[in-house]
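Accompanying notes for the structure given below.
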Amino acid sequence: MISKMDIQNSMIQAVETVRKENPMAGSITNTVTINFVANAQLAVGGSAAMVYLPDEGEFLAKNGGATYINVGTLLPVYEDTLPHTAKILQEMKKPWVLDPVAVGIGSLRTQLLRQFKEYKPTVIRGNASEILALAGLWGLDGGTKLSNVRGVDSMDSVSAARNAAIALARWTGGAVAVSGETDLITDGSVVVLSHGGSHFMEKITGAGCALGGVIAVYATAASPFIAALTGTAVFNLAGSRAEKKVEGPGSFQVHFLNELYKASAEDIANNPFEIEEA
Amino acid sequence: MISKMDIQNSMIQAVETVRKENPMAGSITNTVTINFVANAQLAVGGSAAMVYLPDEGEFLAKNGGATYINVGTLLPVYEDTLPHTAKILQEMKKPWVLDPVAVGIGSLRTQLLRQFKEYKPTVIRGNASEILALAGLWGLDGGTKLSNVRGVDSMDSVSAARNAAIALARWTGGAVAVSGETDLITDGSVVVLSHGGSHFMEKITGAGCALGGVIAVYATAASPFIAALTGTAVFNLAGSRAEKKVEGPGSFQVHFLNELYKASAEDIANNPFEIEEA
Amino acid sequence: MISKMDIQNSMIQAVETVRKENPMAGSITNTVTINFVANAQLAVGGSAAMVYLPDEGEFLAKNGGATYINVGTLLPVYEDTLPHTAKILQEMKKPWVLDPVAVGIGSLRTQLLRQFKEYKPTVIRGNASEILALAGLWGLDGGTKLSNVRGVDSMDSVSAARNAAIALARWTGGAVAVSGETDLITDGSVVVLSHGGSHFMEKITGAGCALGGVIAVYATAASPFIAALTGTAVFNLAGSRAEKKVEGPGSFQVHFLNELYKASAEDIANNPFEIEEA
């Protein structure tokens, strides 16, 4: 099994490369949290660009170092844009992060998320319910039917989604990050549990989306697994640091962005985590 | 006439139920303030979900405790989504809040707002000019023609919209909240005047939209009238508390969300208001 | 050549008129930074309204004092809305600000930006790469081919875009503002270099968009050149003041809005700038 020190060295490398090279990670994402996603990507040292149209998705896929696709608020044009962009990303072997927000709501969302199976997203990030439902939609081990979905909130624990996450990672050959009180990241071979964060992350909208966007930034400079873990670690670190300084969710959002910006590569790598066999 | 104490007890009940049950109130709302709406809904203890497509509006209508519909920035797909969603809400007798933003601008906005008359929104929230114009559009007493509209700003005083608000509430059988320096809430039988707030609420975008979203959250747990009053009261309380701590609109928005989160049920119920016969 | 004092007196006039009259400047702008644009417009004393549909763009053009058009995140409906609105603005001789964000990405963006040549935007605001590429697209002196575009970031220096900016201003008969470390504003006859700002303005999304929206607010009350310079000056002033108070981009955004709100007309006019012949 890969050693903790090897992982930490790779995380440090990812953080420093991003800060030095300011890589562009384009997004096709929801309108609720699109601003927060961009600001989080900028705070960790990346560059952001968001689009809706098919040929603009193609441009981002071809010119960005990685792409973030979030199905949170679908518009009709997404029916063309998302499969077109995902197909190019796969053909070009470019890393991309899928956020299967609210899988189970509406026919277009189900259709698009089903199509993504063949395009094998490099990283899949979601809450436990989303990971379970996506694995179910794709007919993989550990998945559940599209039921018990309640908008964007998770009704399941992270540990309940462990097998689904492993199955998804094995299918894609990439990584899966399950967000919750303790976060789980897996490449299908090892499972990492990452600690930290804040109860305020559920009292602001978009912590999960912003994490997806930041993982895409790191995916320009690291493997899917290291990108997913590094993004999760900086969020857990910034969340716990910000929580100590604030008395409410308004201030939390502000300080959270500050802490994303200020976190050193070493502190991110040292944010507590454990490694297990998958 | 209902007693002040009865009203206050109902407000306390609404606030505490929401904080305990974290009810989902979906929204179809504008892109300008969609993030602020979601964050305000989360700050008072609710859960938010935003969509654009017809079958996703249907999902929110059926699965949410209440729904918020704001016509601020119409897209072509709204022509299908909004009437479809409103019809289901009425058929299922689910509470929903209509925010007739900028009524009078554009033909689709007029068409949609006219259609909503038959779907009887449970709560209507707007500024004085919007309430006057909506009553006029629906041919109700106290309404005005669609004139003197200036984008999203009110050109009229809250007291000038009193009769229109009462007529609207009597038509829908629900409640109407008119936002202004002193806010007016009516169920067509009594009129409540709610005090507080801050001059900074006109220096940030979305205070009205966020109020609509928060009223939808409370409407999952209280009558339309109590929901409208409770939402208005917590906004007035949080606004006046935040104003004392800040020197500009940037900080105001941050502290306003903090104060929404921190306000106790008793303090919200004790925010100054007066009751009158309609 | 116009004297520095004349310019400063005009700037003071613009700032004070806006604060007194709260003019409406409508926008058709991207979803990433739409909230920040509106809040910046409100902070300097204007009123904001955002739309997507053709007849609503027409309404804003006819009823607003000026209009801001930003092509950052195109949706299919923009193909109708933008030329329709721009045509009306030109016919009515109403001021409008064009932000050619990410010119070069996608066919619709190129088509729309090419069409705008004949509608002669009163103010063009962009980073150096965007100004160079727009001049190239319009076949003007100093322009470059649509190459080297990297999403929304500038790859060129402000001074490299000087001739393109002058050529654009001479074509439109209005003004051009090039954003960068030192900002350049020209009416085709004189060139002003405006100093200040903060490195944090590249670490938050939307500083450029918000500047475009604020220039539109000032364009309701001043010439294109004075509007562009006043907007740039208040951004440089607020940016440098905010930077001194913060430790990260989250706080910067908050304090930046505060400083936009608090800046006195005299301080804005006294923000350092130099005048040169074009």
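Letters A, B and C mark the chains as written, and numbering starts fresh at 1 in each.
In the analysis below, a contact is a pair of C-beta atoms (placed from the backbone, for glycine too) under 8 Å apart; a residue touches a chain by one contact, two chains touch by 3 or more.
No experiment lies behind these values; they were computed from the predicted model shown.
Of all residue numbers used at the contact between subunit A and subunit C, under half are used by both chains, marking a mostly different-residue interface.
When subunit B is laid over subunit C using CA atoms, the rotation angle comes to 120 degrees (nearest 5). Between the CA-based centres of subunit A and subunit C the separation comes to 34 Å, rounded to the whole angstrom.
Looking at subunit B, one finds that residues 31, 35, 75, 253-254 touch two or more other chains. Partner subunit A is touched in their complex by these residues of subunit B: 22, 24, 26, 31, 34-35, 38-39, 42-43, 47-53, 55-56, 59-60, 63-64, 75, 77, 253-262.
Put simply, subunit C touches subunit A in their complex at residues 30-33, 35-36, 72-76, 102, 105-109, 150-153, 202-206, 246-251, 253-254.
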